[in-house]
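Several structures are given next for inspection.
The following pair of complexes shares a single chain, subunit A, combined with subunit B in the former and subunit C in the latter.
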Partner chain A sequence: MTLRDISRGAGEWLRGSGPHSDVVISSRVRFARNLAGFPFVNRANRRQRYEVLESCRSQIMTNRLADNTLWVQLADSPAIDRQLLVERHLISRDLARRTADIPRAVAIAADETFAIMVNEEDHLRIQVLRSGMQLGDAYSQINRIDDILEEKLDFAFSKRFGYLTACPTNVGTGVRVSVMMHLPALKLTGEIDKVKRAARDMHLAVRGLFGEGSEALGDLYQISNQTTLGKTEKETLADFEAAVIPQIIAYEHQARQALLRQREKQLDDRVWRAWALLNNARVLGTDEALQLLSHVRLGIHTSRLDRVDIRTLNELLLLCQPAHLQKVTGQEMTPAARRIARADLMRQRLGGR
Partner chain B sequence: MTLRDISRGAGEWLRGSGPHSDVVISSRVRFARNLAGFPFVNRANRRQRYEVLESCRSQIMTNRLADNTLWVQLADSPAIDRQLLVERHLISRDLARRTADIPRAVAIAADETFAIMVNEEDHLRIQVLRSGMQLGDAYSQINRIDDILEEKLDFAFSKRFGYLTACPTNVGTGVRVSVMMHLPALKLTGEIDKVKRAARDMHLAVRGLFGEGSEALGDLYQISNQTTLGKTEKETLADFEAAVIPQIIAYEHQARQALLRQREKQLDDRVWRAWALLNNARVLGTDEALQLLSHVRLGIHTSRLDRVDIRTLNELLLLCQPAHLQKVTGQEMTPAARRIARADLMRQRLGGR
Partner chain C sequence: MKYKCDKCDRPATHHAVVRVKGQNIQKRLCEQHAAEEGLPIKSAHAPINELLTNFIKMADGQSQPSDKIKPAAATRRDRACPDCGLKFSDFRDKSLLGCSGCYKAFEKALIPLLERAHEGGAQHVGKVPRRSGGGEQRQLQIARIRKRLDEAVTAENYELAAQLRDDLTGMESGNAPAAPRQLDPGTPEDDRP
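Coming up: the complex of A and B.
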């Protein structure tokens, strides 16, 4: 398996199925782990970083965590490959950007249900990704992976604090739970700010498509827990599964119903304009493409339009981004050339002229 | 014939044919005339205004200026009918708005090649309208009408000044020549301001779709002479036909060629987005509709698109305007309801969903 397969591939989360997939795009659980006896990545010297990388690589690749696991040495990878992995949420922007003197890598399951970053902020960042609202399944899978690795690797752990991590906000369980939600109706009705404030009051982070500091392009919001200390993993997860996310899903559903009842024509207008532009534009930027895809998705979930399936929209969500676009067209392009190629790709995939 | 027929009808200029019709929508010649022995309209008393109206009516309606002439008493007309006539450029905004104490009317040829306003600023405002660049034909026709009326009506004329008019800028020949031009490429390339400045240097007025003070909606510009004194009618006309308008046509053609050569994809993008939105919007304002129709028209004339003919675009140019929209749908509507009806009409006429 190569990165090219990944870029064309069909990650599990792309299916667009899973519970509550009309609002929840994907669920993610992440563990932060560090090897005992080694300084944290930023404090380690070159030799230590190589030792950590090699220990992790051998355990990850020999223990058959998945049927097929791809190991990508990031220091050797071209920038476009690293960007591709960021666009697929398989590595963080930070890991993609690190300078070459930190040896770093990511192990990716062929179906993209997990990705394990090595030598990011922590020695190991294990993440499991699932389509729709499947935090429970994701949690079971990440626990299996964590257990397998913990048998062979000595994780830094303190009886008082729990798992030790480079950043204090991750100390404790080292768990971050995050859910990618599509909230176009809350955006259109202007209620999204209320949701954001409420989430912040509950110590949740609300971020855009690419995490910290990124804009909520395409009406996609990542909701995640901010502190891990003082709560058990199960509490954190139960909070998310039983209270927080169902509440936001209910708000979005209410907003969609309100649009249907009170502004049906305006809703249709948004949806059909978006569909028309995706099928007819000749020049198309990433941000606009994401916004149009968002309104078409809303149109499908409110039964205004049925000419495309969610799986295709999920694929286009990735393919419209710069690195993916260049990977599928097989050439490097200027931003101007990309805008044309992006419009061509949309028309081709959606059946427009 | 009634106003309803007019609103559905096919005026000569709607054909979209005539010389240079890829840039010139229509040509118009207007004469201002006043009856000797009566004060100008604003100075006249009620009885005098009625006398003028009646003298003009009897001569206009009995002399068979056209196969079929409609006489519309504007003081008795509902506001929507007056607005309809404004939208068709058959009466001025001023005439439509005048208070009821000034008896006023318009005589309209069934094919809309002429309209004669009575008791506007002058006792008579005769105008002839033609499709494309046909100032010569328009001038011949208006002269015939003027000659016929002058045989029966005594026009105020001074040997020194020529025809006397209420506003000094019309004194002399009383002729205003104006051409409605579609200049989307000059707008897109940003060169329209240069053209406007040049026109002003030549003492020409450059106005929007509805004359003085109106915006250039839909990239439509009315170019007209500003002073009539000191030039013969023939000189004014020759200037327009031989020099001014051909020059602006050439500029617009150059701008279209430049778009095709240097920004073909961007041009296609504008054209196809406009087409897509007209065929898919569910809510559509007048200004946006005019702008989209403009880009589709540009697409036809630059061979980017051939799914609609110019005649249909000309009809839609009228039908998308508030009074027309209400006339064809047969009901009075709020602005919000009109935006929906306008979008419905576009999809229906253009074959969209």
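Coming up: the complex of A and C.
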């Protein structure tokens, strides 16, 4: 299996299925772990970093965590491959960007249900991904992976502070639970700020999925916990499953209903304009493409439009991004050339001319 | 809900509490004005960075940004981790600790910070690793042997390195010697409990 194989489809987390998939795109659980006896990555020397990388590699690759696992050495990878992995949310921007002298890698399950980063901010960042609202499932898998790795690897741990991490914001359980949500109706009705405020009051982080700023492109938001000390993994998970996420889902549904009741024509107009643009544009930037895809998706979930399925929309969500676009067309392109290729791709996949 | 920058109309991305003449003053600034004021540039760790800078400033009674801390005061407070050498000021700058030992070395300063970052939590209650959960002492021992191993390799003392490696293998497969072996009689300070 190679990165090229991976870049063709959309992977597990964008399958477009799973509970509440009309609002919840994907669920993700991450564990931060460090090996006992080694300084954290930022303080380790080159030799120690290599030793950590090798210990982790041999555990991850021989323990058969999955039938088929791809090991990518990032220090030797071309920038476009690293960017591709970032776009698929398999590695962090930080891991992609680190200087060449930090040996680092990622192990990816063929079905992309897990990705394990080595020598990111912590020695190990284990992530498990699922489409839709499937945190319980994701948690069982990551816990199993953690148990298997722990059979041979000594994790830095203290009774007082739990799993020790380079940044004290992660110490304790080292758990980060994130749910990616599509909230176009809350955005259109201007209610999104209320949700953000409520989430922050509950000590949750709300980020836009794309872009590094706070602006959420494509109306995609990632909601994640920030507290890792003094709370069990189960409590953290339960907060999300029982309280936070169902509430936000209910808000989004209400907002969609309100749009249908009070601004039906305006909603139709948005959806069909988006459809028309995606099918006819000749030059298309990433931000615009993401926004149009969002409105078409809203149209599907409110039964205004049925000319495309969610799976195709999800694939386009990935394929319209720079590295994917270049991987698919098989050539490096300038931003201007990419905007043209992006418009071509949309017309081709959606049936426009 | 977004605040505007105190100095212009852009949204405020930095929030700081600064103490001036005994009074806490709230500052909300955009990226550019924050930079002009000498506030740390937003990074991946903006929340803890902000928390840290503000917290440390409050604790020190400082009214100036960190680069203007009086040198004497700075060095007096700037302890280093005995295991990895990281100074507390390094942690303040980058929000990253250097090793497990840092949690012990800076415990006093970290606890109030952890409580603020974790809704009051300062005691782990989650999963405990089956293997290394009980053995903090053992982890510390392993860390110290590893450190000496690294020094031995750097000094090209391969005989010592091989011996240390054997000790590590023994310890990491769970067969920690009942009584810690004296590994290198030449450096007694490493035998501290």
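Everything that follows uses one rule, which is that the second predicted complex is superposed on the first by the 347 of 353 C-alpha atoms of A that agree within 3 Å, B and C clash if a C-alpha of one lies under 4 Å from a C-alpha of the other, contacts with A are read in each partner's own complex, and residues count from 1 in each chain.
We take it that a residue touches a chain if its C-beta (ideal position, glycine included) is under 8 Å from a C-beta of that chain, and two chains touch if they have at least 3 such contacts.
In this text, all values refer to a predicted model and were calculated from it rather than measured experimentally.
Applying the stated contact rule after C-alpha superposition, one finds that A:V171 touches subunit C and leaves subunit B untouched.
Residue contacts after overlaying the shared chain place A:N45 against subunit C, while subunit B stays out of touching range. In the superposition on chain A, A:V283 makes contact with subunit B only, while subunit C stays out of contact range. Of the two partner chains placed around the shared chain by superposition, subunit B is the only one that A:A343 touches, whereas subunit C remains out of contact. Contact with subunit C, but none with subunit B, is seen for A:Q226 once the two complexes are overlaid on the shared chain. Legend: residue contacts after superposition of the two complexes on their common chain; A:G162 is shown touching subunit C, with no touch to subunit B. Shared-chain residue A:R273: touches subunit B; no touch with subunit C. Of the two partner chains placed by the overlay, only subunit C lies in contact with A:K196; subunit B stays clear of it. Using the contact criterion defined above for the overlaid structures, shared-chain residue A:K265 touches subunit B, although it does not reach subunit C.
For subunit A, the partner touching the most residues, choosing from subunit B and subunit C, is C. Counting contacts as defined above, no subunit A residue meets subunit B in one complex and subunit C in the other. In the complex of the two chains, the subunit C residues touching subunit A come out as 1-2, 44-45, 47-48, 83-84, 86, 94-100, 103, 110, 113-114, 117-133, 136, 139, 142-143, 145-146, 150, 153, 168, 172. Against subunit C, the residues of subunit A that register as touching in their complex are 34, 36-40, 42-43, 45, 47-48, 94, 121, 143, 146-147, 150-151, 154-164, 166-169, 171-173, 175, 193, 196-197, 203, 226-233. Across the interface of their complex, subunit A is touched by residues 265-266, 268-269, 272-273, 275-277, 279-283, 340, 343, 353 of subunit B.
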